Amino acid sequence: MTELKPETRDKLLQVSVATLATALFKRGFRNQTIQDVRPLKAKGRNMVGPAYTLRYIPAREDRNAIDVFRDPEHPQRKGVEECPPGAVMVIDSRKDPRAASAGDILVTRLQLRGVAGIVSDGGFRDAMKIAELDIPAYHNRPSSPTNLTRHEALDLNVPIGCGDVPVFPGDIVVGDDDSVIVIPAHLADEVAAEAHEMTAYEDFVSERVKAGETIIGLYPATKQENLEKFAAWRKERGR
Amino acid sequence: MTELKPETRDKLLQVSVATLATALFKRGFRNQTIQDVRPLKAKGRNMVGPAYTLRYIPAREDRNAIDVFRDPEHPQRKGVEECPPGAVMVIDSRKDPRAASAGDILVTRLQLRGVAGIVSDGGFRDAMKIAELDIPAYHNRPSSPTNLTRHEALDLNVPIGCGDVPVFPGDIVVGDDDSVIVIPAHLADEVAAEAHEMTAYEDFVSERVKAGETIIGLYPATKQENLEKFAAWRKERGR
Amino acid sequence: MTELKPETRDKLLQVSVATLATALFKRGFRNQTIQDVRPLKAKGRNMVGPAYTLRYIPAREDRNAIDVFRDPEHPQRKGVEECPPGAVMVIDSRKDPRAASAGDILVTRLQLRGVAGIVSDGGFRDAMKIAELDIPAYHNRPSSPTNLTRHEALDLNVPIGCGDVPVFPGDIVVGDDDSVIVIPAHLADEVAAEAHEMTAYEDFVSERVKAGETIIGLYPATKQENLEKFAAWRKERGR
Amino acid sequence: MTELKPETRDKLLQVSVATLATALFKRGFRNQTIQDVRPLKAKGRNMVGPAYTLRYIPAREDRNAIDVFRDPEHPQRKGVEECPPGAVMVIDSRKDPRAASAGDILVTRLQLRGVAGIVSDGGFRDAMKIAELDIPAYHNRPSSPTNLTRHEALDLNVPIGCGDVPVFPGDIVVGDDDSVIVIPAHLADEVAAEAHEMTAYEDFVSERVKAGETIIGLYPATKQENLEKFAAWRKERGR
Amino acid sequence: MTELKPETRDKLLQVSVATLATALFKRGFRNQTIQDVRPLKAKGRNMVGPAYTLRYIPAREDRNAIDVFRDPEHPQRKGVEECPPGAVMVIDSRKDPRAASAGDILVTRLQLRGVAGIVSDGGFRDAMKIAELDIPAYHNRPSSPTNLTRHEALDLNVPIGCGDVPVFPGDIVVGDDDSVIVIPAHLADEVAAEAHEMTAYEDFVSERVKAGETIIGLYPATKQENLEKFAAWRKERGR
Amino acid sequence: MTELKPETRDKLLQVSVATLATALFKRGFRNQTIQDVRPLKAKGRNMVGPAYTLRYIPAREDRNAIDVFRDPEHPQRKGVEECPPGAVMVIDSRKDPRAASAGDILVTRLQLRGVAGIVSDGGFRDAMKIAELDIPAYHNRPSSPTNLTRHEALDLNVPIGCGDVPVFPGDIVVGDDDSVIVIPAHLADEVAAEAHEMTAYEDFVSERVKAGETIIGLYPATKQENLEKFAAWRKERGR
């Protein structure tokens, strides 16, 4: 599991997915935001943690009867017990929300175990209950049928696709109230740092725009004068 | 119309669609949850009732001018007056939300007539107003164009498809804040009973998981000790 | 830019998109409601204004590096400064929400400049922040990646498609909490007037249905008696 | 069953679906061409006949075991024996080609019984064999799973949707090597006649364009001189 | 690798995917036909062999530059050299044909190595050239961009999904001119045997239907007399 | 209009779209192959020419009656007469094949005028006739309804999107029997040259692979020995 530095984590808690997406775009990454996934409930705070993955394949009827859950090694159940505290469980449901990726009891267990969040490009059952838990969860849409109907849990912690995005175990996953992004592990520190800086400037710009200023020359800062004002603004606020 | 036994109805009011989906899955039914349909507003209570259906086909321009509504036998209007109190109106809109399945005046009339709810795999117009009514309504997304734009109301109370699910008049329809499921009429009593039992166990498991217990051996109950604790728990709570 | 008469604007502020869609349907227009677009937040009031358009085409990598925003003539930035107060900015994002159409800083600037609203058939980044601004915004879903990832801003104020609807600069755009409709400029006055009348009758019908009356003969008014009651109702309320 | 006049049938054998679509468009019909359906094999001749319909709904597992075909009243099998010679069987498969609408044995039987053709907005199994039969067949794509997997045959000869088009029993169905169109029964004679006339002009235009002429003034005929040349051309060819 | 018995292989060479799908349906398997995949060219003979799989995940730009193919361990290239003669290479392209799964040089190499066929739920580049090779190939549609554009080859011979079907290494893959089916390894012998028997009856039925007989009582054989005629027919033909 | 050098054109006539896609990928272009478009008929030779574009927007009923074609300035008709000989007409149909982009008479006129080909991300009517013309044509699928049903021709020779690809007038368009690619104008010479070189190597590799050689070390050429053999091979063949 990647060591996520506390200062990187702190920075990632304070920046938006949009800003991170731009920081990654500047480095040539165009495809790190998980598509068509949303929070079950806006939490007003970021989800941050290294990815721990679960891979589903389509279910075959003879391998997915209800009693498979009696096996303590069933990958879905095992994953729920083994996903490290602080990590984000990311599920490859092949963008198929017609059966559940997981339900409220498993997500409650993850919360109790200190897991940082859960993401699926399919859907969760008991979604209304999961929404009320104190753990961020993201999916495509509520899905009541048991996962056995369409999904067979196959692998834990292998590279997967989720919402058209490559996810490698240990990549840093960040979610806000809009969406979820996957930062390649080796870039987490520098991207967090850059996004932190960008956020300071965006906050400064927001203030100015709310005060009635034009964006031309300000966003981006093509006028020298705006850079100077920003320097003063930062000093004033200690940012 | 199916006679829905009061005790079956009571049980169905207290279980989730997810639990019902599992009870049906155990009996070989993999396709009873209406796909891609959601409540206009979470009601915090279940919708339960036998299905009364309305079938739309694509509209032909010469048969669907605005004055067709003047005909008291127009199937959409007739259905709104004839859907039995306690029933759920289920509409086959061919999964096409580009024109409305119904609007707030018709849904208000259904509410006043004691209808239990309304479901379409298309969309409702005046959705924000319908959301505030005291009748559960489920659709794909808000849709403002009049139904005449794309839908011709053709049949009342024939078997239909809704959200890829077969719906026969008299099947028991249950909706919660996540989704809607269709229970074949002849299975309503036994599925309600089983889901009721399953819910007791799930509530017990939820409590234990919230208290920090592992799901292995507990969910499902492969450890004898957990079955004993559950027996005690039920006795204590009179469930 | 079309002159939007104050009385037309007033009427359009008080009618629903559904009613406007029916008024247009009666005139042979079946395709003026923008499909699959929703408000970022229900505002409880209508958005009304003439269309000012922005056209995106797919982005080519060598033309859409991050520094293109330094150009004060970049169409997206220029459009934000030139969209007339009172107008609605409508964006042709080719129904592709995989990259953002705009973000909160630009939308804040539009608000400050007195723009009446913004609509895209793609998605906005910083959607949660835009939702809290005092300007109506409509899109398909939140989208965090910068527009450069997939969209190149090309043209301002040319005819476009948005959500499968033709939009000509100066067409009157109306949004409510359900959806958005585009009224051809030359029909704005008469459609507003008719929708205003229709709304009076719908309000009367709503009252009667809530009082327990059948819709047959009332909606539409095929019974003479209902037309008389409506006349009395209007007089009483001064409508 | 509609009486299809021999002279109408003759005309419909000689015009293209494109020309018929334009003739219907002029009468206000914008939605009569079945979408996303193609011939299994180009036949080089038109399919023409009144519609005889079969309606599928989604299959429920307990009602669609393999032995249902033993019932001589099973609607799919019954329809194959009862579809009138000269008619076109049109199947509402809800645009779902994931299981078959029919296979080569049934289609062979239709051919032997003198049926004019078969159309489904799903897919046929044994498609390669059906392609070689002497009966035109149109579908979305080959589909090998038995219909029982997803479709329950429910109704015969009721109004249906097929490829987003309304189809009423007795409507006149015409297919060429590109696509299939549905002519409302009461318009068959006049639309056939007009399409026949249009085809003469199109053939004339084709000849002239192949001879190097501009389309301006010719297609459509806005120059008087072209109408005169056309009159001469018709006389010469006896058309 | 599963041992595929020569007599099982022989039988599978002579039956259609449709018949195999029915034999699997009778055993409770509803989802073994790969969806939306077609032969690049009809070969008039079946593809049969055990599955050897390749798994793609979405490509990350920094891991998929053009020089990755210089690595002799690159999974796509390695798979092409290691796929056993007689096996079918099945590729999980996540149903994304926007970049190639493979091209003609690799498929030529597979042919030369004695591989029985190749299937992808994405698309092949150089499709017209592959179509002319003497190895059956199935995909969704031609796709010219290099796989690096969207796909990273990750794993060889692990369980995958392909066209919504679960594929385990060693499952028996059969393709005809319509589609491709995956037979669970442990069922290959019995399913082949049953399909072989079913095919004899279907051939008998075909002959009778072509001779003008009704399908009622014949298909399926509910009339005793037809079973007797079939027995005679088999004896006569030695089948 | 871009000057397309004769030697560049010659090279582009001899390379595949797949090879061009790789040459562009190496330069950072991932999105130049038009998606989901195919030749109406394989021509066995490439289509090459600079792009001349036509932009459609969704049709509004009052602006798209049948008589609009009487206007000699109607953009579709005007474009057909003004598209330069040697150019490729590329149509932005917003990926909507539900109504035609053009029909056989217009395409015949283009052929007669010496136009090099036509591409639409929608569909052509009279597709079977166009397939037989001596001009390459590419679309999504046959579409019989007149363009007026859904498309309004708006602009000529402006930048457009086609099949998710940006197309600027003068970009070089190349189509083979698989697909169509758009080369940015300023790169045409260098990309043609590189693709020409790559093709020589691919032809050499093909020969070797057909002779039984492994691809490892050969494709790409990581073994020095293969580069030497290739040098000899070129000399021998004068390539």
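Going in written order, the chains are labelled A, B, C, D, E and F, and every chain counts its residues from 1.
Rule of thumb we're sticking to: contacts are C-beta pairs under 8 Å (C-beta built on N, C-alpha and C of every residue); 3 or more make two chains touch, one makes a residue touch a chain.
As the structure is a prediction and not an experimental result, all values here were calculated from the model.
Contact with chain C and chain F alike is made by no chain in this entry. Work out the mean CA point of chain B and of chain C, and you get 32 Å between them. Separating the centre of chain A from that of chain E, both taken as means of CA atoms, is a distance of 37 Å. Residue positions 30 of chain D are each in touch with at least two other chains. Pairs of chains that satisfy the touch definition comprise A-B, A-C, A-E, B-C, B-D, C-F, D-E, D-F, E-F. Chain E meets chain D in the complex at residues 16-18, 20-22, 25-26, 30, 33, 35-36, 38, 42, 176-179, 181, 202, 205-206, 209-210, 212, 214-217, 219-220, 222. Contacts from chain F toward chain C in the complex involve residues 28-32, 57-63, 94, 96, 152, 154-155, 158-161, 164-166, 184. Contact residues of chain C toward chain A in the complex are 66-67, 69-70, 72, 77, 80-81, 98, 100, 103-106, 108-109, 112, 125-128, 141-146, 148-149.
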